[in-house]
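Chains: A, B, C and D, in written order; residue numbering restarts at 1 for each.
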Amino acid sequence: MDLAATILVDGLIYAGWLFIVSVGLTLVFGVLNILNIAHGSLYAIGAYASASMVGAYFALGGEAYPYGSYVAMILAAVLVALVIGPLLERGLLRFFYGRDEVLNVLVTYAVFLILEDIMKLIWGVNPYFVYEPYTLLGDVEIGPLFYVGYDFAVIAAAIIVGLAVWLSLNKTRTGKVVLAVIHDSEMSQTMGVNVQRIYLAAFMAGTFLAALGGALTAPMISVTPGLGVNVVIVAFAVVIIGGLGSVPGAAIGALMVGISRAASVHLMPEAELFIIYFVMAIVLLFRPEGLFAKTQARKI
Amino acid sequence: MSKGVLEVRDLQKSFGAVTAAQDISVTVPEGGVYSLIGTNGAGKTTFVNMVTGYIKPDSGTINFGNRNIAGMAPRQITRMGIHRSFQIAQLCNELTVEENMLVADAIHGRSGPSFLRRAHSAEARERAIATLERFNIAEHRDRLVPELSGGVKKLLDIAMAMAGDTQIMLLDEPTSGVAADEKFPIMDLVMEALRSTGVTIIFVEHDMDIVTRYSERVLAFYDGRIIADDAPGEVLSDPEVQRYVTGAPA
Amino acid sequence: MMKSKIGGALAATTLIAGMAGPAVAADDTFKIGVITFLSGQAAESFGVPAWNGGKLLVDMLNEGGKLPAPYDTKGFGGMNIEVVIVDEAGGATKQVQEFRNLVQREEVDAVVGYVSSGDCLAVPPVADELKAFTILYDCGTPRVFEDGSYEYVFRTAAHATMDNVSLARYLKSRNFDVPSFAGLNQDYAWGQDSWADFTGAMKQLYPDAEVKTALFPKFGAGQYGTEISALLREKPALVHSSNWGGDLQGFLIQATARGLHKRSQLALAAGDHVIPQLQNKMPDGIFLGARGVNGLAAHARGGELKELTDTMWDAYEAEYKTFPVQAPFRMWQALFGLKTAIEKAMADNGGKKPSSEELAAAMKGLSWDAPSGHIEMVLADGHQAIQPNAIGTTKWNAEAGKMELVDVEYYDARCVNPPEGMKSQDWLAQGFPGALCN
Amino acid sequence: MRSNLILAAVVAFVVLAAGSVILPDWAMFLFAMALAKGLVCLGIVGMMRGGVVSFGQGLYYCLGAYTATLVANSFGVSDIFVLTLLSSAVCLLVGMAFGPLLSSYRGIFFAMLSLALSMVLYGSLSKMSVIGGTDGLNIAAPTFLGWAPEGRTLQTALYIYVVAIVVIAGALMRIYFDSERGLITLATRDNELRVEYLGASVRNVMTYNYVFGAVLGGIGGTIAALALGHVDPEFAFWTTSGEFVFVAILAGYLSVPAVFVAAIILEMVRSFSNLYFPNTWQLALGIFLLIVIVVLPNGLGSLVNRRKGNAA
């Protein structure tokens, strides 16, 4: 298969993963106006949870229906969202709404540090493996190259997540309210929207998406401490490029980063490290608020 | 043409489908008090915003001091002597009234703002307080902005705009957000303070009593156009103005 | 006058600092500071297993008589061993501060530590400044003693050049045909240096092998899909990787799933430590080293060190339910070296607890036996160890249910390490002058 | 008023310098490092007064450190004054190059763009094996106008040097904060529109603060490098910058000395939690950060320097 096609496929696979890990970040920022550094930790927790769940699933004789392991993975993400989401939002973040953006970044930085060690206390430092789901879907042969079916499942998952988020934002009543809050929380408050519940819902959704990212990644890596550190920076870049708070932006950002990274790995490996910051810098130079940023004119 | 004259020619501005200004042409000679009337969205504030650089006109010229200032940055226009106040008073909420004044003083201060000269120096504070006294708000000097009444905020907003040498002063709804019984006292204060400096005054106003009481000339806006430009009496008795602006016969 | 108020606050903090008094080690205890990774990526692969091994050995020594001679005496020269452990995570800046705290606040008698090459470069100058006896037990970069020379600093493990030279020699001695090769290494000094060493060695042994692509994914990237595609397209005969820990595990899982190991021979410079986790997910037929005769290679070696090796091996397996990989072996050889040096010094000074000077004098040019073989401090004027190395091929033993190392080749220390006074890069460039291979 | 400042500076210098006598060696080193980092944070505080926070001060911290190291290693310059001057000059130039570019960004975008810049430096340095890549480089102990102390004397000399620079920089920044431009900066944080309509350039304000931050960062980096004897790309990593920001927030923008106290407190907490909780020091640090943010929303400075009227 010719190079361009390879780059495209690799780029899409990576972009799919990127989108899943960043869309939650952008959603949370859009609604709570908090750039959540702990997003990476939630991703890691999702990975650990999924590893444990799938492990347990097979330990309880899941071999009979191996495909059930995918359900276990998603359940893991749901579980993380249900437990940690409310804990963080109700227990901590709600006290910082309306405070300075950068201060809030620090709050989540602290959360990030805390979660890093808590994970170690729960799961120890030894790696977890859930290899099975990764190979379950067999190989896909494209020209001379083998891909794992799972890679394309990740792309599919990304598309489903994207559609789900988009639909629930634009086609449901709650979603419309969320959009209203994203646009202007004070105004929607005066309109009698229960912003508190929206915030909680949004944060739990964000947590779920982060955890899902981790859960889906778990089978292709060894789940070890320090997993989240690198993810969050990449996710930042993606949502900054796409425009903070914009779901389609996250998608475009993921595609841009994914494909340009694939291109650099194939064409000039030495540039891989920079490519993401390069894309980000270029975009911000021409669109200081990112591609799809919400821009409200100020009334004077 | 003398330096203080503001000469506006064929200003056009539209936001998407909405036309906010079309063929706006008007000459404002030096000195005197002018008022802009019109319903909301008629184009008064757009006019003020274009003259002061907040909005860039699509086309047309704004000549002042022998230069076309259309599309210049607000601070450049301000430096040329066209100052403005705001519908919503633009103040520094974390600073006291006096400090707000000191900011204005520091910027218009001699030889540009300095890295070394103390902002709270005795001279600076004297100047600041003097200005505050002219607007009769000196007693609030140590209070923070959020503690102030709407009227005092308005006065401070105008007082800050008056720092430095002002040739034209645009007041965007000076009495909006001011208690009804405060409106006239405040207008009296402002007019007295401004007239003494001989600046040209252009103010946007909805209250026709205020318009007739204070302005020598009235520009009536409708649908982005100037539909009348004359002495208050004439303008307010103009049928078109009555239909589109004041609503009822004066 | 807020400045002076703050000044007061500052004086207060000063006092707190002053009050945090150190616990001075008595003469019947020998206090060592141990620095290794307890968090972050390197914890799981190196830091924690290393210290598990270390803790085990310290307890055995404090009890005494648990080990074959000459290590059957109690503690260090009869002194009880006390340990202060510090997490190595956090970068060289933090480590330099922690080192000063260990020496000046905790007043340890010796420091044993450092997996990260960055830390190994940053600490020695401070160690000399403070005249603190320091053993670097794990880190790889040759630069430590090739770019500098230190009085009180010793490295009891061979530097990383050995790993990739051995790998290249292994290919040659098994006359494996390498028309072309590619590399996937972590994008930081370790990966970059390993690749440089490997290509350097290959240039000597396989002059006309073509270098396909050199990939340097970000450290901790986790996702290698794109890199693997690139390797699959290039079809090199051999793929070299010095990845470790999660990065290596992730790469192997994703590479084997896509059949890279069927298309190209995988050669892993330091790969042994992921076997306990990957088990049979590690494909057969991979060439791998353990940065010394460590782990499986040591267990398979036998010889006169069998008793010592098996004692440690069995104790470790009993305690931690898994076999020891490279990291504990390197910690052991450091602690055995320290024991030997202390006891030598005490023999010279009449049994007193040795000072840093006496320890340094004793350690210089020392040689001793460890489970990983005979360690000799012969490089860098007696400050840098050389040790034998081994490379083998993975083979899953289905019935035993464990991974084995077959076709293991052992290399003498002097065959895969440069001679005294020669920088490893020059040694590679000049075709291993003075190498003594059996 | 000015006499007060001078008096305060003298007091601060005496108190700090006293440390060279009171403090045990390890603490003196810790203080020296903390003060050096404090200089970087002072730069961030300067920007905070204008309403922006740089998450990329590691860029200048690292740039200063590498400039000093490379100059020292390749030209054999070891004089601390020369090295400090050189690296602050380099940072000044780089700051003047990026300042105007960044000055039109605000809030999270300013933070993230500055972060991206420092991460690019981090990446580039990691790639340059010639200058040690991620392993970094060592730098020899500095000399002071030809005087080459060793051991405790060297530490003391370094410490006194840092203290002197801290006091001078602190006093200068105080003068700037109290100046007309200082007040305009505060006004900008509050209401940019007003400042523009008073005829001042907001971008200009932002640029100055950024450039000052760059120079302070460079000086801090140089001193840190000389104290550590080692530099590596970690100096520019985002977590390094994150710590600087934390110190700045912990200190708040009201008081200059608070910045350095905050820096010292952080170093203490970090060093002790490292020793007493080797396995959970991140947890300890994180909890400490949270407590501080909750208890002191306006920073340490608000304890000693309530703004007029802010008392409520």
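Just so we're on the same page, contacts are C-beta pairs under 8 Å (C-beta built on N, C-alpha and C of every residue); 3 or more make two chains touch, one makes a residue touch a chain.
Keep in mind the model is a prediction, meaning the values are calculated, not measured.
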**Item:** Most central chain, Cα average position
**Value:** D
**Prompt:** In terms of C-beta pairs in contact, which of B-D and C-D ranks higher?
**Reply:** C-D
**Prompt:** Among the chains, which has its CA centre at the largest distance from chain A's?
**Reply:** B
**Asked** With chain centres defined as C-alpha means, what is the inter-centre distance between chain B and chain D in Å?
**Response** 43
**Asked** Centre to centre, by mean C-alpha position, how many angstrom separate chain B and chain C?
**Response** 74
**Message:** Distance between chain A and chain C based on Cα centroids, please, to the nearest Å.
**Reply:** 36
**Request:** Among the residues of chain C, pick out those that touch two or more other chains and give their numbers.
**Result:** 38-39, 187
**Request:** Mark out which residues of chain B touch at least two other chains, giving numbers and ranges.
**Result:** 90
**Request:** Quick one: which residues in chain D touch 2 or more of the other chains?
**Result:** 126-127, 193, 279, 281-282
**Request:** Going by the contact rule at the top, pick out the chain D residues touching chain C in the complex.
**Result:** 4, 7-9, 11-12, 15-16, 18-19, 22-27, 29-31, 33, 126-127, 129, 132-138, 141, 150-151, 154, 224, 228-230, 232, 234-235, 237, 240, 255-258, 260-261, 264-265, 267-268, 270-272, 274-275, 278-279, 281-282, 304-305
**Asked** Once bound in the complex, which stretches of chain B touch chain D?
**Response** 52, 73-75, 78-79, 83-84, 90-96, 99-100, 102-104, 106-109, 113-120, 124, 142-144, 160-161, 163-164
**Touching residues (chain side chain C, partner chain A) in the complex** = 38-41, 43-44, 48, 187, 213-223, 225-227, 229-230, 232-233, 245-246, 249-250, 253-254, 257-259, 274, 277-278, 281
**Contacting residues of chain A [partner chain D, same complex]** = 35, 92, 95, 99, 101-103, 105-107, 109-114, 116-118, 120-121, 233, 236-237, 240, 244, 270, 273-274, 277, 280-281, 284, 288-290, 298, 300
**Request:** Could you pull out which chain C residues touch chain D in their complex?
**Result:** 1-11, 13-18, 20, 38-39, 84-87, 90-94, 96-98, 100-101, 103-106, 117-118, 121-122, 125-126, 129, 141, 143, 147-148, 187-189, 192-193, 196
